[in-house]
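As written, the chain order gives the labels A, B, C, D, E, F, G and H, with residue 1 at the start of each chain.
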Amino acid sequence: MHEEIIVAGFGGQGVIMAGKLLCVAAMNENKYVSHIPSYGAEMRGGTANCSVVISDKEISSPTVPKPSIAIVMNAPSLAKFEPRVKPGGLLIYNSSLIDQKPKRTDITTVGIKANDISEAEGSLRAANMAAIGKLQALKPEIASLDSVIKALDVVISARNRKHNDTNIKVLKKANS
Amino acid sequence: MHEEIIVAGFGGQGVIMAGKLLCVAAMNENKYVSHIPSYGAEMRGGTANCSVVISDKEISSPTVPKPSIAIVMNAPSLAKFEPRVKPGGLLIYNSSLIDQKPKRTDITTVGIKANDISEAEGSLRAANMAAIGKLQALKPEIASLDSVIKALDVVISARNRKHNDTNIKVLKKANS
Amino acid sequence: MNEKILMKGNEALGEAAIIAGCRFYFGYPITPQNEVPAYMSRRLPQEGGTFLQAESELAAINMVYGASAAGARVMTSSSSPGISLKQEGLSYIAGAELPCVVVNIMRGGPGLGNIAGSQGDYFQSTRGGGNGDYRQLVLTPATVQEMADLTVLAFDLADEYRIAVLILGDGYLGQISEALVLPKPTGKVFEKPWALTGAKGRKPNKVASLRLVPETSLEELNLVLDEKYKKISAKECRSESYLTEDADYLLVAYGTSSRICREAVNELREEGIKAGLFRLITAWPFPAEALRIASAKAKKILTVEMSLGQMIEDVKLSVKDPERVDFYGRSGGMLPETDEIKRRIKAYGN
Amino acid sequence: MNEKILMKGNEALGEAAIIAGCRFYFGYPITPQNEVPAYMSRRLPQEGGTFLQAESELAAINMVYGASAAGARVMTSSSSPGISLKQEGLSYIAGAELPCVVVNIMRGGPGLGNIAGSQGDYFQSTRGGGNGDYRQLVLTPATVQEMADLTVLAFDLADEYRIAVLILGDGYLGQISEALVLPKPTGKVFEKPWALTGAKGRKPNKVASLRLVPETSLEELNLVLDEKYKKISAKECRSESYLTEDADYLLVAYGTSSRICREAVNELREEGIKAGLFRLITAWPFPAEALRIASAKAKKILTVEMSLGQMIEDVKLSVKDPERVDFYGRSGGMLPETDEIKRRIKAYGN
Amino acid sequence: METKTKDFKYVYDKPEALVDKVTHYCPGCGHGIVHKLLAEVIDELGVREKAIIVAPVGCSVLIYDYMNFDGCEASHGRAPAVATGLKRVNPDSIVVAYQGDGDLLAIGTGEAIHAANRGENITTIFINNAIYGMTGGQMAPTTMEKQITATTPYGRDPMDVGFPIRGCELLNTLERPVFIERCSIYDFKNTLKTKKAIKKGIKNQIEGRGYSFIEVLSTCPTNWGMKPQEAANWVKDTMVPYYPLGNFRDN
Amino acid sequence: METKTKDFKYVYDKPEALVDKVTHYCPGCGHGIVHKLLAEVIDELGVREKAIIVAPVGCSVLIYDYMNFDGCEASHGRAPAVATGLKRVNPDSIVVAYQGDGDLLAIGTGEAIHAANRGENITTIFINNAIYGMTGGQMAPTTMEKQITATTPYGRDPMDVGFPIRGCELLNTLERPVFIERCSIYDFKNTLKTKKAIKKGIKNQIEGRGYSFIEVLSTCPTNWGMKPQEAANWVKDTMVPYYPLGNFRDN
Amino acid sequence: MRGKPIIDTAKCKGCELCNDVCPVNIMAMSDTFNKQGVQYAVCIDEEKCTTCGACAIICPDMVIKVIKYEQG
Amino acid sequence: MRGKPIIDTAKCKGCELCNDVCPVNIMAMSDTFNKQGVQYAVCIDEEKCTTCGACAIICPDMVIKVIKYEQG
């Protein structure tokens, strides 16, 4: 197993955290992991993304010029990362916010109404969980759903841990 | 002609200026010259000296580790520079302020009562001129007395030029 | 506990410093190392230590100077422009022979440049951007684990040699999170009889680099330093040779670019091309002898840097037949690409 | 008038700057270059120019940055520790491609060291002590005449390439007085359409080194700079070869130590030993090609520095068979000695 | 400002001195407001073609991309020195040094005080938002007592790191500045006052009167962790009592 | 100070905290006087074994060679930062930062203000001799109007380079300093006052009260081109009217 | 109708400052998102606009211009 | 004689400050030079010394100590 993943979206969509969640879950299943956030311009605004590598073997390059998996949470991210996905790769896109469909046919593209699912479970901020839930369903070899759920307690700061019930609900909803 | 000269003394004795005077005089007779002051500690007090080279040929090294001529205006300078004079060299010392005689026998040593001569001509500050006057008498090939006197107008700042009459008197007195 | 935790490079470094007994940190914010001061400001008070945000990098390095003179284990961190401002202070630290750890999480330059990871400060680190003849030990981690492990090592080396130890990482290393097993304290103890602790029952101690009188005394200091630098060069070279014994093509790199090189070596090997990687762990002292050995059989040596060519001079100065040495670099915060490295190596084949 | 005057190196440099059209000087006192600001403070007002004593070296270099951005010919001067403080500013100047002349009259280091002449800042000058990939032109005068002549040249080179030109002298050169024929203005005129003179009838000009968006733009700047540096390397190498054609023994040096070497060469030649001297006039670009030629027949190459060995790296990187390269240096403000050079050369004979 | 067209006129139109593009600032950031005020003043005084903006290192590092006139980057804290160089070469140009609180009162303390003391004929706009915005919310010299920031996780302790520094009061000990005023953009009325102060500062420069210093109490909603309006209220309720608004000097 | 022997006692004896050697100072230089006062105070308060002198870069760069206790060089202007580092590590030590006017009010402005603002528990002795002594007499931030120096050959012009900066007044805008006083050594009476102020400054530190600042109007006969007594008179007649003596704060 | 704000909704960052500053409370936020992904300012009752310009002056992003119709 | 200044003449730099500070004008400069090449301070009338210590305190070079004889 060796996946090179990009998670991308708006600043507030929790894409960096989503990447970390995958890492901790996989790490606890004894995989090698790396996570680099785009720390972009030394200033506010714009989009955010992170490069995640999860592998059975030691990771050499942690950079992800050509992801095998891309999760894009908004339209600008789709535009930016769709072309980069490796042929045969997987693209998960947030169809709540992205109207256009991906164009590539040499990769698997999966839309998920991440915001809608999140809202349905009573939160405006758990869209990232929906995307991760979907990914886990499609690529269970990265980490089990159980590991992902356990990782929540590590990745989410104490202050926000009260939202974990909702997070888990959204994860499961998107996963099923 | 190639002379490597040290002029040394207390801070206020005008040794740096004396060195410059030799340079300008010799330069105006188309010799090559160089002058480096000891700029010592980045602070006050202590002794001063300058390294002067005067030559018929282009000057390579302007440093004077082993002077062919040393003019020492006070006792500490005698102690410091006597041992460095090249065998066969010349040492002129200010016998107004230096009680001990130089010890070396392989060099020519000449005492001159520089302060006394200066005072006799009505100045407390022209002892350096006495030393230069003596040197010119002993080594006229460096520059003519005339050139030395002309150089005074270049080397002495406008503010102090009023003392040049005295300076010339002292120069001549020591020279004769 | 040998448990793995996911940790960011900058934070791993901070925690490792605390493990190494560092209780004083002085710094000034700058991206991409802001997690270091943030981490220290949270953790040091918990450990009874002192975190102080200085008014500038100049103040920070001089606070480090003072704290080190007082005998403490002390650290500062910054990124490229901030490190430029510390050059005078580092030169003083070298002259006064004070131990300290200075972290540079390099970003794109020159000038304000940008905040992406870069390796543009190699010259500054290894040759001394400050005035005068001096050196500083330069460690070049390549993983989060090394960010932590080399930090612990750095404090011991600093105290052992009374020298500034630079941890020279790039922005990516500061920002990356990886699994980390926290290092253990080494337990080494260093006496500091020279420290300024008050002249009680001893002659006054003086910490200074000024050597005015007699005229020769500064040269004496220079020679003492030179002796020390020679000793460090003899004893403290560190590097890693990966598949170099039979390598026809040798890559030389450090930090993040070395990981990209390792990937390239693996892929080239899969294609049957005998590539190898020589990775610096110390940039100064430069592991010249080990490189000479690793490069013995190489037809070509490709230096890969996140700069337009700085380490390459050390590579050329170290190897036999320096005509073999070639260069591939990306600058301005860009990363070298595995594919381009492979392309170049393959091109040598013909 | 071609008249000779006796002038101090620091003052000759100041007057030459005025001859070259420099009307702005910003600096901060430091020995052994204090005669430069003193001279400029007296002379510039007479020429309608501006002398401003800055509150620090940092302020001074940034005033230079501003004045250069406004289109002026501008100079600053300092000595080693002060130059260390200017490193960030110099990196910004490189990034913004601003022309200026920066004088370093080097003194003993590291740290406060002392005020005697030294050549300990060669690395800093030629490799850039600031952050990022950049270079600056480095001129190395050896006489008072050259202090003046190279200063005039420096202003033209700065404007031609939009680069900082360093005049790298040592304390002795600053303090020495020699006969000087004042240089003439070159009369070259350089357009500065990029200067900040107000956006009247044109698009706004921006002077900056920040390159954030798009991600690649900083690398573009780096490549533009690299191109410029290559051009300078090709066109602006300067050196002097003295009795090198048949030299069995080649001395390599610059500045004051080169004069001591020249003396040694003369004396050795008198003794029938074929010695020669290769003297740098530019330290960056390093005159590698000329050195290769000058060193072609040499059995031994002795690098002589007023430091513990910095230029030697460039010598080794330039010549064939670098095993021939040997080193003799004095540090801490001490001067190499003619006799010692001769002794070493003679020792090779056996 | 009153541009006439057929059947309506602009009560408020984009100043010519402002570039029409989306800034990188966070929603509600005070920098955007002050940029606009500055551009309006430059237009109103007709000096766009002589103006040079000196950008700090801080969130407003790209201000020269938003101003439709010449612009110059300065390294962190050195804008006053860069402005000095620019102005001394071209005394006719209108040089504005725009600086944040970290830039001006931490790393750049020396340059700020000395340019003011020399009475350089420039205008300084000092944005006091009580935090380091660009680097993600560390303590500034102006951070309020007990304020939590990335480097004061337990709140600013004045017994450890001192009380917030008051820029106007500090500079007011010097002889040469001709104009020193503290204002704010926390509401409409004060925003207009801020504009007036900036205008006075530029006018002084046009008239060759010397150094003007305008401190603007501003907001950093992002790093304060507040909504923009909450941030504005925080300025009024927390900052203004410590940093009194008003004119300190008008010679 | 009253050491008894058989038939006489010392009314004035060399303090133990002073090393018995000839200093490098010029005849009549004020530095020598202040050194002695400091050493006396250190003796009288019994803190020699805890004391650390932080030397500036300036004529007093070698002060650690004259003080019989621990000493530390600081780079030019950074003594307050070095002192901060020293003191934070060993809060029990008595740290004195001794600085000249170029050191403290030019290159070191930022460090001086911020150490004072943090209220570091140190004592600063600020020697204001209106010139750069060590480098041969250039303009200092404190150089008087019209004063001729190596870099103001036509006299200091306040319209070009500003008026002399008043250190006490500047620091007095900050909250944390506990003691700020300006004194002088131009005569016997004021010299005793200076000693008293230094003593208060060190006492404050011993008691953990925080930052003390003692400005001493001093002489530089050499670079002023005056005899020592003339120089002392010049302090009284020219400097004191601009730099008023007295206590600014004593909390 | 005396005049009205002209809102370049694409540029709006949704800070809501104009909402609070409007003396007659006619500024509000949209239900939908613009390209920047935020709810943008809208004027909900142009009739009431006094053309005071407050919204325009407070807007940090130069989103709002205000026009006044010529009388007659 | 109540006491007197004890002058380490070799260390004296000849600044003359003690001359001016002495309230009873008993400090003066020598006619001869010391090793440092300067005319040094001397007390010309020890009888008059009040042991006030002024000369010692003002001396920048720690040249002067002042003693007071024990009464009986």
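The definition used in the following text is that a residue touches a chain if its C-beta (ideal position, glycine included) is under 8 Å from a C-beta of that chain, and two chains touch if they have at least 3 such contacts.
Just so you know, these numbers come straight off a predicted model, no measurement behind them.
J.: Can you give me the shortest step count from chain E to chain H, moving only between touching chains?
T.: The distance in steps between these two chains is 2.
J.: Going chain by chain, each one touching the next, work out the least steps from chain B to chain E.
T.: Tracing touching chains, the least step count from chain B to chain E comes to 2.
J.: Averaging only over C-alpha atoms, locate the centres of chain D and chain F and give their separation in whole Å.
T.: Their C-alpha centroids are separated by 38 Å.
J.: What whole-number Å value describes the gap between the mean CA coordinates of chain A and chain D?
T.: 54
J.: Out of chain A, which residues touch more than one other chain, so two or more?
T.: Each of 41-43 in chain A touches at least two other chains.
J.: Hey, what residues on chain H touch two or more of the other chains?
T.: Residues: none.
J.: Pull out every residue in chain F that's touching 2 or more other chains.
T.: Where chain F meets two or more other chains at a single residue, that happens at 25-26, 29, 61-62, 73, 75, 106-107, 109-110, 114, 134-135, 141, 160-161.
J.: Once bound in the complex, which stretches of chain G touch chain A?
T.: Touch list, chain G to chain A: 33, 35, 37.
J.: Given the complex with chain E, which residues does chain C contribute to the contact?
T.: 28-31, 34, 37-38, 41-42, 45, 51-53, 55-57, 81, 111-112
J.: Residues of chain A touching chain C in their complex?
T.: Touch list, chain A to chain C: 20, 23-24, 27, 32-37, 39-42, 59-63, 65, 154.
J.: Residues of chain F touching chain H in their complex?
T.: Residues of chain F touching chain H: 4, 7-14, 18, 20, 22-23, 25-33, 35-36, 185, 187-188, 191-192, 221, 227-229, 232.
J.: Chain D touches which residues of chain F in the complex?
T.: 57, 61, 73, 75-77, 102, 106-107, 109, 132, 134-136, 138-139, 141, 150-154, 160-161
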